[in-house]
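After this come two complexes, each holding chain A, first together with chain B and then together with chain C.
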Partner chain A sequence: MSFLRRTGSRLASTVLFIAVLAAGYGIATITPDLAAEHRPFLIGGNLSEPIQTRLFEVKVTGVKFGSTVKVAGSLSAKPSPLATGGVWVLIHVKFSANSKPTRINYAALVSADGRTFLATDRVDQKIVIGGRELQPGIPAEGDALFEIPKSAATAGLVARFAAAEKYDVRKDAMAEVVLVPDGAAVFVDTSALAYDPAVKA
Partner chain B sequence: MTPEELMSIPDGQHTATPPPAPKPKGWWRRNILALIGLVPVLALVIGIGFIDPFYRFWQAGPLRPVSADAQGIATIDGIQFRLEELTKVELKDFGGKAILLPVGTLAWKAVVEIKAPDQEKVGLCHFFVEDKAGKLYGDGPDELSKAKGATSFSTCTSSDEKASAAYRVTVYFLLPALAKPEAVRVTWITRYPDYIRLPARVR
Partner chain C sequence: MTLRLAGQSTKTWGIAGAVLALAVSGLFGGLQEAPKPPPAKVGTEIVSPAWKVTVLSARVIASHRALFGLDKTNQWIAVTARVELTANETFKTNGIDHADLSDVVRLTGLKGIVKESKRYGLPSTRADTIILKRDDKMTQMLQPGLPEELEFCWEQKAGSEFPAQLTIQVLGLEWRADSSTNQLQWKLDDGKTVEVVVPLQDQRATTKPVTP
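Our next item is the complex of A and B:
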């Protein structure tokens, strides 16, 4: 009897231990991971609509697609256009800080299939990637340039902007602007796009 | 052994009865050490959960003002700050031409007197103008980059290496014309969450 009781007790402990491990694994599997918990809060909008986030307001006023880009203000007298094996996406954007000096440290395009493309570093970007410190109530506008594969230049393409204070986009607002609405076609200009790195107030 | 035989055994020679089996320990007594050990483990788990938010949100920004006294002097780590003036200003470029500002904005100049026995302790700081709505404007904005005297590189040290312990630092700001300045702030990343707040007497 005593042997049976001891064996039963050990068996129950083992079953309980396995059940606790299984419950832990189940909880870890079905609940969001740390990256999902810390994800930025997306605030969506469309072209020409002002989108208000915690630190800034953004309005994308234009988007163009092209196979080459001419950069204004280049030191070379006749700058050769920048070519790409993919597609250049030129966005004209206007930012305004809400309550304190703010930089737009994060600018990216996200394709319909979820791929993320940061603003290109092949040209000087002065309005995004931390280039310009925006003062509250004093808007600034300019061009932002992205280089993406042809397969990403489809309906569902969006642009995302965040202040990324201390280069951290976690748990903060991020503006998301629909560049190519569902069902719309993308027209890729064969003539060179004109990119102007200057920021205008 | 019959009762008669038992009776015949002399006193003191009876066989001793076995002692009763010890009472089994209760659950609490069996697990007390593990329970005590659980307390620091739980504290550690909760503590780790607080470390990230603490550094990200509390020490990550200027949240606690060090205010000025009746003489307008605010002191931090033995360094004294006093706002000498905060005025609207017309800025010129290095050629003497007036700087063209964005429509609806005004340039402001702040002069801050600093008494720092050791300039290494003041080092790189940032200046802000705070308006009545609580909005902050940074010093040396890009819009003033062509203005003579304005620089985006802010510092609380004197430009004159041989300066005495008391000296003045001049910084420039760009504000919307409708903004009403209320105070000047001085911050250091290394002193977060503390910052200096100097109330303005706008001229």
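Our next item is the complex of A and C:
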């Protein structure tokens, strides 16, 4: 009797232990990871529409796709025009700060299949990734350049911009602009796109 | 007999289980160090969950317009590899708590490296500078799905010896949650590191800095 009671007690302890482990695993599995919990708040819009975020307003006024890019005012002898194994995406964009000096430290394209492409570092970027500090009431516009594979240049491509204060995009507003609407085709220009790094106020 | 066994304390059962596990593991090599796989050959594509890497060549150079060292007389160890990101995001060179572009290849077993770093007490040094061969300029990022030839460069003290063949580590990655923050990130997977032995060409004479 004592043996049966002891064995039963151990069995119950083991079952309870496994149940606690299973419950812990279940909670850990269904709980979103930190990146999902801290994700930025997307505010969507289309080409030529102003999109208002907490710190800035953005309006993408043009988008072009090309196989090469010529950089205006480049001092280097080569390489100009710049070639790519994929597609260049040239965006003309206008920003204005809302209430305090602001920089656009985050600029990326997101393809329909979920890949994220940060603004390229193959050219100087002045309007995004930390370039010009925007002053409230003084809009500034310029070009931003991205490099993506051909497989990403399809319908569903969007651009995302965020102030990313302290280079952190978490838990803050992020503008999302549809560059290629669903069903639309992408035309890749075979002549060189003209990229101008200058920021115009 | 069965009753006597069943009547043993949990502690006794635990110790017996541990001894049995050790004995069984001993049959399969136990705690012996696992044999190292042979180094990969130059030109072999090494596939990891986040990237595909093919080491192409290695050279020692005196200077390059994209390289700025601590001392102008220092030389540079430069390894060229074709790298394709299969991860779904741009990789930069500034990962603080996660793997980044500088982790694609690491240098090991070379003396005189200016900024040497270690991993688990063993030399495993990240590149000081990465050159995008297409532009022959420094780069700090690589885009997913766009394979490029990159030259990974390490500054070495002037006059330091270097072997005829260089051993390069191509690191492997895994997508997993950080143990402290639970944030999903690309992390180094040391079990997937592949070594590549590549001939090292001395090009110092033809890459001397141009004096104005």
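Note that in this section the second predicted complex is superposed on the first by the 197 of 201 C-alpha atoms of A that agree within 3 Å, B and C clash if a C-alpha of one lies under 4 Å from a C-alpha of the other, contacts with A are read in each partner's own complex, and residues count from 1 in each chain.
Basically, a contact is a pair of C-beta atoms (placed from the backbone, for glycine too) under 8 Å apart; a residue touches a chain by one contact, two chains touch by 3 or more.
These numbers come from a predicted model, not from an experiment.
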Based on the superposition on chain A, does the combination of chain B and chain C result in a clash or a fit? fit
Applying the touch criterion given at the start, work out whether A:Ser99 contacts chain B, chain C, both or neither, answering first, second, both or neither. first
Does chain B (first) or chain C (second) touch A:Phe3, or do both, or does neither? second
Is A:Ala175 in contact with chain B, with chain C, with both, or with neither (first, second, both, neither)? neither
Degrees between the directions from chain A toward chain B and toward chain C, using C-alpha centres, nearest 10: 90
Touching partner for A:Arg122 - first (chain B), second (chain C), both, neither: second
Quick one: name whichever of chain B and chain C touches more residues of chain A. C
One more residue to check, A:Gly85. First (chain B), second (chain C), both or neither? second
Minimum C-alpha spacing, chains overlaid - chain B and chain C, in Å: 10
Show me the residue ranges of chain B that touch chain A in the complex, using the header's touch definition. 56, 60, 102, 105, 128, 134-138, 141-143, 152, 174-176, 178-179
Spell out the residues on chain C that touch chain A in their complex, using ranges where they run on. 3, 6-7, 10, 88-90, 92, 132, 134-137, 139-141, 143-148, 177-178, 181-184
Looking at the complex, which residues from chain A come into contact with chain B? 98-101, 132-133, 135-138, 165-166, 168, 199, 201
Counting only contacts in the complex, chain A reaches chain C at residues 3, 6-7, 10, 31, 33-35, 78-79, 82-86, 108, 113-118, 120-122, 147-149, 151-152
